[in-house]
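What follows is a short report on a single structure.
Per-chain residue numbering starts at 1, and chain names A, B, C and D are given in the order in which the chains are listed.
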Amino acid sequence: MTLRVTVWNEARHEKKNPEVQKLYPNGMHTVIADALKAQGFEVGTATLDEPEHGLTEEVLANTDVLTWWGHLAHGDVEDAIVERVHKRVLEGMGLIVLHSAHFSKIFKKLMGTSCDLKWREANDNERIWVVDPSHPIAEGLGECIEIEKEEMYGEHFDIPAPDTLVFVSWFKGGEIFRSGCCYQRGRGKIFYFRPGHETYPTYYNPEVQRVIGNAVKWAGLPAGTKLTYGNRKPIEKLD
Amino acid sequence: MTLRVTVWNEARHEKKNPEVQKLYPNGMHTVIADALKAQGFEVGTATLDEPEHGLTEEVLANTDVLTWWGHLAHGDVEDAIVERVHKRVLEGMGLIVLHSAHFSKIFKKLMGTSCDLKWREANDNERIWVVDPSHPIAEGLGECIEIEKEEMYGEHFDIPAPDTLVFVSWFKGGEIFRSGCCYQRGRGKIFYFRPGHETYPTYYNPEVQRVIGNAVKWAGLPAGTKLTYGNRKPIEKLD
Amino acid sequence: MTLRVTVWNEARHEKKNPEVQKLYPNGMHTVIADALKAQGFEVGTATLDEPEHGLTEEVLANTDVLTWWGHLAHGDVEDAIVERVHKRVLEGMGLIVLHSAHFSKIFKKLMGTSCDLKWREANDNERIWVVDPSHPIAEGLGECIEIEKEEMYGEHFDIPAPDTLVFVSWFKGGEIFRSGCCYQRGRGKIFYFRPGHETYPTYYNPEVQRVIGNAVKWAGLPAGTKLTYGNRKPIEKLD
Amino acid sequence: MTLRVTVWNEARHEKKNPEVQKLYPNGMHTVIADALKAQGFEVGTATLDEPEHGLTEEVLANTDVLTWWGHLAHGDVEDAIVERVHKRVLEGMGLIVLHSAHFSKIFKKLMGTSCDLKWREANDNERIWVVDPSHPIAEGLGECIEIEKEEMYGEHFDIPAPDTLVFVSWFKGGEIFRSGCCYQRGRGKIFYFRPGHETYPTYYNPEVQRVIGNAVKWAGLPAGTKLTYGNRKPIEKLD
C-alpha cells in the first residue's frame, strides 16, 4: 500500500527573505514533497496561509504521515487545527517534525515540555552520527551524515527522553544535540529530525531526503486496532 | 535535608458523599499527609477550594515534591495554576500523581496524550506486582502488594511509555494496568501511582503509604544545575 | 523483498511425550513454519539434533529472522553455535524467542541477566493485553488475545527493561507477566513472546500466529549500514 | 547509612609505563578511592594481581558499590570472579564501569553486546554534555564538563540503548559518544562513565570525581526485596 504523505510548511520565510527565496523559490515544502514522490510516496502539500492551514478534516483523514516545518509563525497556527492534528496522531497518523518546528504548538503539546534549546547561526559544520544502527530510519546511511553548513542546536534540549534515539549531532563550535528522536504516542509515531535551517540547502541533501523518506516508512507502519476506553462491564470468565 | 512535601487534594467527594466522609472524615489529604509526616518529611496540604487552590507561588517555591489527587472537578482547576505547577516541575519539583488524577490537567499536559483508560467499580481484588526490583520506589516491598478491594483500571492506558515501569497491577476481573510509572521531564521527576479510589480505605494501607514515601524520596533526589537556553555565542576553543 | 525465516526447535518433547506428539505430530516447528509460509514468508526449519543444530554458517547467512523454541535441552546447544547466532544478531539478523526459550543460552547471553521467572502448570487462563497499540507487532489484533489454557509465567521476570514493551499477560491465578518484549542489540532486533507451552495447542491459535508473523516483519526491517570499530585516524576537517 | 565502595583497578599500566607512574604513582585506584573518601563514603580497594583479584566473597558481600577500571588485561580476569561479580550485581550491588572497562568481561556479560567502539589517542578536547538534567548523577554540575585532553571514543558504541542516558561527549576531532549510561539489571544499578585514559590526569578532575561520587549514591540507592523464582503453588484467592 502506498503511504500518503502531507508535507506542511509555514512558508513565510520564502515570501520575505530573498536568500530563502533563492534557495527555495517554490517553498521548502515543494523540495521535500518532490524528494518523497521520488521515493514512491503519494504526496500532497499544505501551508499556513491556506484556509484551515490546508489541514482540513478530509486532508488529515487521508494522510498516513504528516511532516511539519515552522519557525516564524508558530503562534499563527490555530489551536483548533493543533487539536485536530493531535487527535489524528493519537489515532495513528505519523508525524515528522523538522528543525525549528521543535517549538511548534503540536510538538510542544505532544511532548509536554518546553522543547527549548540553544542555537547559533554561524555556519557550523554538522555531523549527524547514527547511534542506533538497528533502526529502519538509519537504513542505507553510512556512519554519519556530513552537512557542511548548518545552524547549531545545542543541549540541553528540553524534551522527554526519546523512546528511541537514532541520531546525535556534532557541531564544530563545541556542542552536541539529540537530532533524531522517535516517540510513540497513542497509536501514532513521531520523529523529530534536527537539520533544515531555511538559509541552507539542507533539504536538497540526498541523505537528509533519505532520512525523511525512511521516517515516513517507519511512522507509517501499521499499528494495533482501534481502542476503547471508559466504563467496562465485568468480563465473563472463560471457564 | 528534610524534603518538603505539599499534599494536594480536590477534597470534594469528602464534602458530598457520606461513604467517603466516613472513610476520610478530614479528607484524603490528611491521611496521606500524616503518613508522610510519620516517614520524616515536612508536609503541608492544599485543596481545590482554597484561594489559588492553595498553590501560591510561595507554596510551590517551598515544595520539593507535590502529590496530586483529583477526580470530580479537574475542570475547576484554573489554567494559570496548572501553568505554574508545570513550570515548577520542569525546574525540578517532584510530582506524584495519584489514581484518578490520571485525568488531571497537569498530568495530561505533562504527558501529551489523552491519558484515557478503562475502569469498573466492582470491588475487584488488585495485586500490584513489582516489575523493576532495582528501583528505589520498590524498596522494602515484597513481590506484590495485595489490595482487597479497589476500582479496576485497565489497559490500554494512553500514556507515553514510562521512562521506568515499576509496577503492573493484576485485577481479578481480567485486566492488567501499568500502575507505577516514572517520568523525567526537564529537571523534574514524575511518578504515577494507580490505587486510591475514594470509596476504599486504600490510603490507610501501610504498603501504599510506603510507596508514596519512597516516591517522595525518589522525586526529591537532587538534579543537575540550572539550565540556560537561547542564542549562544561561539564557544572559545580550548587550545 | 520476501523475508527468509528459519524456525528453530529443540524438538525433543515431541519425541518423548505422547501428549505433545498428539498435538504436534511433526513438531512444533512445522506448525510455526506453515503459519509463516501462509503469511508469505520464505521459511526453513532447523532442529537441535541435526548437525550443527541445523544452523550452519550458510543457513544463518541466508536467514533474515530466526525463531527459537527450546525447553528441556538448553544445555545441549553447543556454545560455538550460540556464538554464531549471537554474532549474526549483532550484524542484523532478527531473533524471535518463544516461551521457554527465555532460558536458552542465546537469550541469556543477549540479555545479560538470569532470565528467571515464576511458573505454574495449572491450566490458567491467559489474556495477553496490548499496552503499546502503536507497535507494528500489535497490528490487526484486538485489545487482548484470549488463551483458554496455558502455563503461567509470573514476575519478577529477570530481564533488562524492554526497549519497547508491547504486551502484558494476565493469568487467572493472580499473576501478570511482561509477555511481548522488544530489544535492539547491535544492528539486530529481538522479540520475546511468552505463550507456547508444549502441552497446549497455542501455536495453532491464529492470533498467536499473527503476532509471530508481525514480529518477523518488524525484526526483518532493514537497518543501518555495516559498522566499523577500532582505531581511527583524525577526521579531516571540512573547512 | 554510609555506602561501602570497593574501587577495583587492573593496576598494570602503573607498573610498566613511566608516564602513567608519574601521574598515578600509587595507582589510579588510590586517587579514585581518596576522592570518594573525601565525599564521605567508606572505601576499600582491590586489584587484579591480588588473590581472587581482591574480590573475595566476603569483600563483595560487604560492598554496596563496585567501581571497575581495566584495559590491558581484561583476559586475565578469571571467569569465576566475573560470575561472582555478576551474581552480586543482580542481587543489588551497584557497578560503576570506567573508560576502557567498556571491554571488561563483566560489562560485556551484563550488556550482551560486543561493547566495541572507535578510538583515537590524539589529545582531543572533550566536552561532556548533560542531556538528562533531572538525573541525580548530574547533580551539582554545570551544563557540560570540559576536559582539556583525553582519548577520543566514538560511535557507534555497541551497547544496548541505556535505560537512562545522562551524558553525551563532544570531541574536537569530529565525534560524539554516549558517555554516561545508566542500566538497571536484576536488583542492581550500573553506570558507565567514559573519561579516564591512563595517560591523562582525568581522575584528579573535581567534576569527574563528583560524577563518580554521584554515581555511587545513585547505584547504592536501596531497592526492592529479595526475589523468588521457580515453580509456584496456586495463589489462594482473596475472597
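Everything below uses one rule, namely that a contact is a pair of C-beta atoms (placed from the backbone, for glycine too) under 8 Å apart; a residue touches a chain by one contact, two chains touch by 3 or more.
Bear in mind that the values here come from a model prediction, so they are computed numbers and not experimental data.
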- Message: Hopping along touching chains only, can you work out the least number of steps from chain A to chain D?
- Response: 1
- Note on the structure: Check: interface with higher C-beta contact count, B-C vs B-D, is B-D
- Distance from the mean Cα position of chain D to that of chain B, given in whole angstrom: 33
- Message: Report the inter-centroid distance (CA atoms only) between chain B and chain C in whole Å.
- Response: 36
- At least two other chains touched by the same residue of chain A: list those residues. 130, 132-133, 143, 154, 156, 161, 163-164, 174-175, 184-186, 227-228, 237
- Task: Under the touch definition given earlier, write down the residues of chain C that touch chain A in their complex.
- Result: 92, 125, 130, 132-136, 138-143, 146, 148, 163-164, 172, 184-189, 221-225, 227-228, 237-239
- For chain A, which residues count as touching chain D in their complex? 127, 129-133, 143, 154-157, 161, 164-165, 168-171, 174-176, 178
- Query: Which residues of chain B touch chain A in their complex?
  - Reply: 90, 109-114, 116-120, 122, 152, 154, 156, 158, 160-161, 163, 173-175, 183-186, 227-235, 237
